[in-house]
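I have a structure here, written as structure tokens, and I will follow up with some questions on it.
The first chain written gets the first letter, and so on, giving A, B and C; residue counts start at 1 in each chain.
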Amino acid sequence: MAGKGQQFTSGKTLLFVIVLCFTCALVLSVLADVLRQPQLDARELYKSKQLLRAAAILSDENVFLLNDTFASYDRSKGTLIPTPSQKERARDRDILTLFETRILARVTNDTGQVLTFEQAGLDEEAYLRDHAKYGFANLPYKLVYIVQPNLPPNQLSPDLLPYGYVIPINGYGLWDAIYGYLGLKADADTVLGMTWYDQKETPGLGGNIVLPEWQNQFKNKVIFQKSPSGTTDYARAPLGIKVVKTTVQETYGKTAPAASAVDGIAGASITVVGVNEALRNSLGPYRPFLIQAHQQEASQ
Amino acid sequence: MWMGPYSVLNLLGLAIQSCFIQNILLFYFLGMCSYLACSNKLKTSNGLGLAVFVVMSLSGVLNWLVHNFITGEGALKWLTFTGINAAHINLSFLEFLIYISVIAAFVQVLEIVIDKFAPALYRALGMYLPLITVNCAILGASLFATVRAYPFVPNLVYVASAGLGWWLAIALIASIREKLTYSNIPAGLHGMGMTFVMTGLMALAFMGFTGIALDHISETDTYPLLVQEEQVQPEQNVKF
Amino acid sequence: MKLRHYYTDQIWKNNQILVAILGICSALAVTIKVNVALTMSLSVIFVTGFSSLFVSLIRNITPPNVRMIAQLAIISLFVIIVDQVLKAFLYEMSLTLSVFVGLIITNCLVMGRAESMAKNVSPLPAFLDGLGAASGYALILLIVGVIREFFGFGSLFDFPIIPKSWYATPEHPDRYVNSNLMALAPSAFFIIGAIIWLRNVLAKEEDL
């Protein structure tokens, strides 16, 4: 075998190491460059899907929805058109286009005022990156997504009454932090949908919070708890959706709190407590914004 | 960056979490190879555990520095004082390579240091020291810490407790295996088979620690809302 | 040794997990579902095959005192390739696998093949040996994955196997309860322990 007994001087060793490092770095740099755009797209697509599902624009089978009926995306008009009899899977490109045109990322402050990132003096990328881990609820400027109505892009403007809002929710489950999106209708009270996009709960138990069957319960619940008389005191009512231990039927029957509660998951008590606290702690600081959004919708 | 929003109580919770509840060996099953191969005697297991603890803690800190100043997103912004605007360069694809090189280099340096200052320990550890480089647990602790984006002090607490947890697990299985040499088990299960079953049982037992949540960062006071909840309870009795 | 024996030897007779007890680390946490186990298996096959090939290609010009770090660098190269490709084209799978793809670098199996075989033989046998070792690993991973997913979730490849009509009634839609032990990681230990026992018994019978 050639090479046995060959003396390796320090110089040759150093040369070998340098060439090896350089080759590895070169190969990886080229690969990373080539794959950068697909990677960014994949990440954006995942986030878009979760957010659109929370806003009830995408179903859990990746079919577009328009007011609870199946829809498809018309590329020439740039809107969704209802196709109740046809269940067509949404294309990735369309999902991303819809996300870019209809979802506006804004921030809100303690008085409920909605500002763009420039107006608040923030760099959007840095803001999203720095606060992804601990959440946005306790910051002076809190992230909120405005969902615009189903109109062609040239008719959309920030002054239109929104179709809904999406609030980022975060908290702790059993094993690690959990992150999700809560979609609300324009009245900032009724829930459109709830998704969890990052969780490390036990599969089959706490991990069931990502199952569509469980998430569908959140639809049409209200986050401001109604008083027994049926009215809602937006300034003082408890804020959040409660996941009960057994079923809502057993715990609350038909009383007022039932409109703000969903069934629990057997064997996942700690995850369920985590979800409750995540919703409560994440929504609480948004109260001024939610009240202001509700009043804006009520006045129209 | 140094402490983040973690309080001292959170750090204690983090230590308990990474040492007992999410034990890097019994929950994530990292570092199994050397664990299974070298846990016959308690003495060698202790030596190996100590070595892993030292390497894991210190390389964990070094890798935190690598992630936050070289390979993380936007990590190169400290270069701006030299005039180079490098904040948008993303070197995250080199992360694995640099991590494993740091660990290998550190183990090499540690070997030389131990040989010079504690030759007896060097002889006792023998061939295990170079093997630590490829111990999944050490790279694993660094990778988990990166994914969870800990600030500096929580990162140190995390990797140190993870190392202690690994040491604990290997010491436990070694003491059980020493006693097991006198037990009557089926021939096919001797050795590895039995170790696997025992490790599985130990892993299940350690899950009993679940639920200690001291490391959760709480920024809002939840008591006022609890009071409101109590006021709502009496309405349950109203049935339609 | 015949060329194909480099490949077939490693699948059961010298299966790296059962006989050499290497490569356990990632075998346990990623066997929760078959599609995860399959992705991991394919990644390890790719990494082991090609890293063995390249280690063998440069075996004559590698200085002995940097041999181990050179092997680590080559293995890391291929692991990073797998990781980057997964992040670009199978994003949700990469989220599930998270750090375990990176841990292939320190997977004793990959390193073991490079150290014991690849640096001593020519490229083609080394490549086949690497593929074979990882295929044996994949076999065990898939067996454990199938058992865990079937008993733990009642499905295979996320496709429900046990029909709801067999057990669900309108009053008790959740009458069938999956084995939660299988959904937890320690079950992989018990299953692998049982397979080792089986293998030892079979090997002993062969000798007799």
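One rule holds in what follows: contacts are C-beta pairs under 8 Å (C-beta built on N, C-alpha and C of every residue); 3 or more make two chains touch, one makes a residue touch a chain.
Bear in mind the structure is a predicted one, so any value in this text is a computation, not a measurement.
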{"item": "Maximum centroid distance from chain B, chain identifier (CA atoms)", "value": "A"}
{"item": "Chain pair with the greatest number of C-beta contact pairs", "value": "B-C"}
{"item": "Distance between the centres, which are taken as Cα means, of chain C and chain A, whole angstrom", "value": "33"}
{"item": "Centre distance in Å when chain B and chain C are each reduced to the mean of their C-alpha atoms", "value": "23"}
{"item": "Centroid distance [mean C-alpha coordinates] between chain B and chain A, Å", "value": "30"}
{"item": "Per-residue multi-chain contacts in chain C, two or more chains", "value": "73, 76-77, 80, 84, 184"}
{"item": "Where chain A touches two or more other chains at once, by residue number", "value": "24, 28, 31-32"}
{"item": "Residue list for chain B, restricted to those that touch at least two other chains", "value": "93-94, 97"}
{"item": "In the complex with chain C, residue positions of chain A that touch it", "value": "1-3, 8, 12-13, 16-17, 20-21, 24, 27-28, 31-32, 35, 38-39, 42-43, 45-46, 198, 202-205, 266-267"}
{"item": "Chain A contact footprint on chain C (complex, rising order)", "value": "32-33, 59-66, 70, 73-74, 76-77, 80-81, 84-85, 87-89, 91-92, 95, 152-153, 174, 178, 180, 183-184"}
{"item": "Touching residues (chain side chain B, partner chain A) in the complex", "value": "4-5, 22, 73-74, 90, 93-94, 97, 148-149, 210-211, 213, 216-220, 222, 225, 228-229, 232, 235-236, 238-240"}
{"item": "Residue numbers on chain B that touch chain C, as the complex places them", "value": "27-33, 36-37, 93-94, 96-97, 100-101, 104, 130, 133-136, 138-140, 143-144, 147, 186-189, 192-197, 199-201, 203-204, 207"}
{"item": "Partner chain B, residues of chain A touching it in the complex", "value": "24-25, 28-29, 31-32, 36, 126, 129, 133-134, 138, 172, 174-176, 225, 228, 236, 238, 251-257, 270, 277, 280-281, 284-285"}
